[in-house]
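First subunit A sits with subunit B, and in the next complex the same chain sits with subunit C.
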Partner chain A sequence: MFTLIQIELYKIFNRPRTYIAFIAIAALTIIVQLGLKVDGKEYADFVMADLKNTFSIDGKIINGYFVCYVLLQLLLVHVPLLIALIAADMISGEANIGTLRLLLTKPISRVQFIIAKFIATCIYTVALLIWLAILGLLLSIFIFGTGDLLLLKNNYVVQLQQNDIFWRYTGAFLFAAIAMITVAAVGFFLSLFAENSIGPIVATMSIIIVCTILSTMSLPLFNLIKPYLFTTHLVTWKEFFDIKINNQNETIAGSIQNPAKIINSLTVLIAHIIILISITIFIFKKKDILS
Partner chain B sequence: MNEIIKVTNLTKQFKQITAVNNLSFNVNSGDVYGFLGQNGAGKSTTIRMLLTLIQPTNGSIEIFGLPLQNNRNEILKNIGAVIEKPDVYKYLSAYDNLKLFARLNGTRPTHHQLMQQLEIVGLANRAKDKVATFSQGMKQRVGIAIALIHQPQLIILDEPTNGLDPQGIADIRNLIIKLSKEHGKTILISSHLLSEIEQIATRILIIDKGKKIIEDTATALFNPSQTIVEIETTNNEFALQQLQKSKWLTSIQQHTTNTITFKLDKSQIPTLNSNLVEMQIQLISIKPRHSLEDYFLRVTTAN
Partner chain C sequence: MKKLGFLFLILLCFQSIVFSQDATTLLNKVKAKINLVNDYTATGKMKTDITFIKAPIGKVTVYFKKPNKFKLKKENGISILPKGGVSINIGAIINVEDFDIIDSGEEIIDNTITRKIILLPKNETNDVALSTMYIDAEKLLVKKVVTTTKENGTYQILLSYGNYSQYGLPDKVVFGFNTKDYKMPKGITMEFDDEGKKEMREKMKNKKGKVEIMYNTYIINKGINDAIFN
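The block that comes next holds the complex of A and B.
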């Protein structure tokens, strides 16, 4: 199994297509960082305009933590599309270039084959998020420095002390990894049914777009299915940046306001992964390879 | 003879279409087994079932004396295969492709062994070049190198000369002969190019519409007791009138404006020749036609 995973990773990281996602993330991150470096003060004034009428705000609002939060809000919506490029190509791409039939004449079981391919997809997904973390968090800290994180929620403001932030980002990135692996599982599952990668890539993106619309529209019919849609839970990473308050209205350092929501979202996402991969294995085991 | 492949009553049904119909055959150790059929006859489906790419609807397959269904990995370790176009990873070099597929077979060949394999298929000087820059014939040779790198006992080649130029076809033919004679490999090769099979096969199976038409040694098929003789005359109408009065009438298979075809025993050809002269039929040519191609076309058309 280890050899199979190694081979799959070797193939993924030797393909030029793989690096499109890394380049896209680097380009977007650097553009946003450059924009905030040049016009960060105007941006902060605009965002905090209402708040400044009520509160006196001191310190550096545009710091590395804040920039990373902005980047995550912008990028985590688009990263699924980049993940679909690889995940939806994992089986269909092999069928398309004709290597699937050659691979399956080798002494490896089909179950092992699917699991190794999916693990390699997960490693690619995590590598993409690590890249995002390096550029989005570490590079932002390097450029903008650190400070408290001030976030504007719908009807309240959250202020996180700078020594209470890094672990939240770690949690958010770990959560994002599960969320993105769910997206990868959708693409991977769809790649089973096609003999070229365009169809599954477009289908994955369409599913994400449709489910995101269903997740965000507040209609009674949609409200019934929302809790079960994976897209509803993709943005739960933001919960890591909500803090509990005590009876004296003071924030409790190291706390999360709604950990149950994170656990619920993780459960739904992991259930999606398990179900999708199980169905993929079940179908692939019986599939006639005609490509 | 030791049976390497034993196929019994193999059937594959795709919805309404029966691609392979109750097919049985055996491949013995050391055979170069020619698997012949026109396009769509069921050759590739059968080969894919032998390689577990397609599940049979019915029937059984035993390879190396073991049921394929329960011993898949053990059996596949000893098989090297090229299935139609041998597509490999175009963004990798020939060397890297070979190394990658060898590892999938559970072997870790040395640099020397990899280069030696590429040498055999004539690609040692292009070992580090990306396959994307290769011609179809070179890609075919990479596929064959992949099929051979783990020293399999059985080699299955599905239409291995497809898309190759005459030199490429000759190279592969020579390689197959060498693998059989010098290395003692058992080879199953499918083709619709009859001239290819004719030159290398020791035993031949002809299938049509998924059914076995005939399975025999190449020698028997090339020398059937009955052979086809075609004559060309200066006046076919006169020749036919004369022949209708003779004992040869029952041997006539068909006639056109220029030719008359007989089916008869080889030993009768000299007598026919002298009788035609006696009947004052002026001959332009007399040709016995007993190549496998004639045989193949005859049996598949008749079926």
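The block that comes next holds the complex of A and C.
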């Protein structure tokens, strides 16, 4: 199995397409960091304008933690599209170049074949997030330094002390890994049904876009299906950055406002992964491989 | 009978003038006491109790320099103070000029009998519309101030004294105010989830905010660089 995964990883990282995602993340991250380095104060003034009508805010608002949060807000919406480029190509790519039938002549089971391919996809996904963490968090801390994190929600403001933030990012990235693996599972599942990569990639992107729109629209009809859409749960990483308060309205360091929501989202996402991969294995075992 | 009535009226006016002069004297005595402090650097803790702000208790350093330079810095952090928060500094409140002073009797604050003095600005452009002070006349300490401003609404400052009462500097200041509506566009917050919105809306009906500063130490009259206030 380990050799199979190694082979799949070799194939993934030997394709130039793989590095598009890494380059895109690096470019976007550096552009945002550069912009905030030059005009960070103006950006903070714009974002905090409503709050500043009533309050005087003093301190280093634009710091590494804040920049990373801005980057995650921007990028974690688009990273699924980059993951689809690889995940949706995993089986259909082999079918396209005619190697699928050849591979299955080897003495390995179809289940092992699918699992090895999916694990390799997961490793690629996690590598992409580690890359994002290095650039988005560590590089931002290096450039902007650390400080308290001041976040604006729709109806309230959250201030986190700097010694209570890093573990939240660790949690958020781990959560994002599960969320992105779910996206990978969708792409991987769709790649089963085509003999070229374009179809599954476009289909995965379309599903992400449509489901994201359904998740963000507050209409009673959509509210019924929202809890079951994986896109609703992709943004739950933000819950790591909301903190509990006691009766005196004092924040409780090390707490999360709504841990149940994180657990619920993780359950839904993991259920999606298990169901999609199980169906993929089930169909693939019975599939007549012609290419 | 008419003469008696006239005499009573004169006595009433005379009493009012005397009381007003007493209030001015009292206020001047308090001013003189506070004016002994040219500058101070104080350290303490700040607690923000505002319905829609989840903020931690943080260590703060407060700088003051006469006549009204005031700066509050949160150690390695971000401080959120209500506008008009400069008035958390008692020196700025008491060193007011061009005010009409009205003595409004006595009131008990924290089991202490205080003199209630109302200050009305003579200048119409002044942001302060009305300010009421409750002064412990025996110890020459300001115990409470209620100020109504044109721009920032009404706020109340409660002061408790301890080790530094001889300088008129409080150990604890509680700054109470009415909060305004807070609502951010979703496009800015990127929060598309409506969950918890109702609960927060209910909480926000209580639009009272409070900022407490508990001072531990004061360094008085040791000089402060003006650059700190920039």
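Details
In this section, the second predicted complex is superposed on the first by the 291 of 291 C-alpha atoms of A that agree within 3 Å, B and C clash if a C-alpha of one lies under 4 Å from a C-alpha of the other, contacts with A are read in each partner's own complex, and residues count from 1 in each chain.
In the analysis below, a contact is a pair of C-beta atoms (placed from the backbone, for glycine too) under 8 Å apart; a residue touches a chain by one contact, two chains touch by 3 or more.
Fair warning: this is a prediction, and the values are worked out from it, not measured in the lab.
Steric overlap between subunit B and subunit C is absent once the structures are superposed on subunit A; the two fit side by side. By the document's definition of touching, of the two partners only subunit C reaches A:I243; subunit B does not.
By the touch criterion stated above, A:T251 is placed in contact with subunit C alone, subunit B being left untouched. The partner of subunit A that touches more of its residues, comparing subunit B with subunit C, is C. In the superposition on chain A, A:Q159 makes contact with subunit C only, not with subunit B.
In the superposition on chain A, A:S218 makes contact with subunit C only, while subunit B stays out of contact range.
Contacts of A:L290 after superposition on the shared chain: subunit B is touched, whereas subunit C is not.
Think of it this way: put the two complexes on top of each other by chain A, and the tightest Cα contact between subunit B and subunit C is 41 Å. Shared contact residues on subunit A (touching subunit B in one structure, subunit C in the other): none found. Across the complex, subunit C is touched by residues 47, 50-51, 53-61, 73, 147-148, 150, 152-162, 164, 215-216, 218, 235, 238, 242-243, 245, 248-251, 253, 258, 261 of subunit A. If you check the complex, the residues on subunit B that touch subunit A are 48, 51-55, 72-74, 76-77, 79, 81, 83-92, 96, 100-101, 103-106, 143, 146.
Residues of subunit A touching subunit B in their complex: 3-4, 7, 10-11, 14-16, 97-99, 101-109, 286, 288-290.
Those residues of subunit C that touch subunit A in the shared complex are 47-58, 72-74, 76-83, 85, 152, 179-180, 182-184, 186, 188-197, 200-201, 204.
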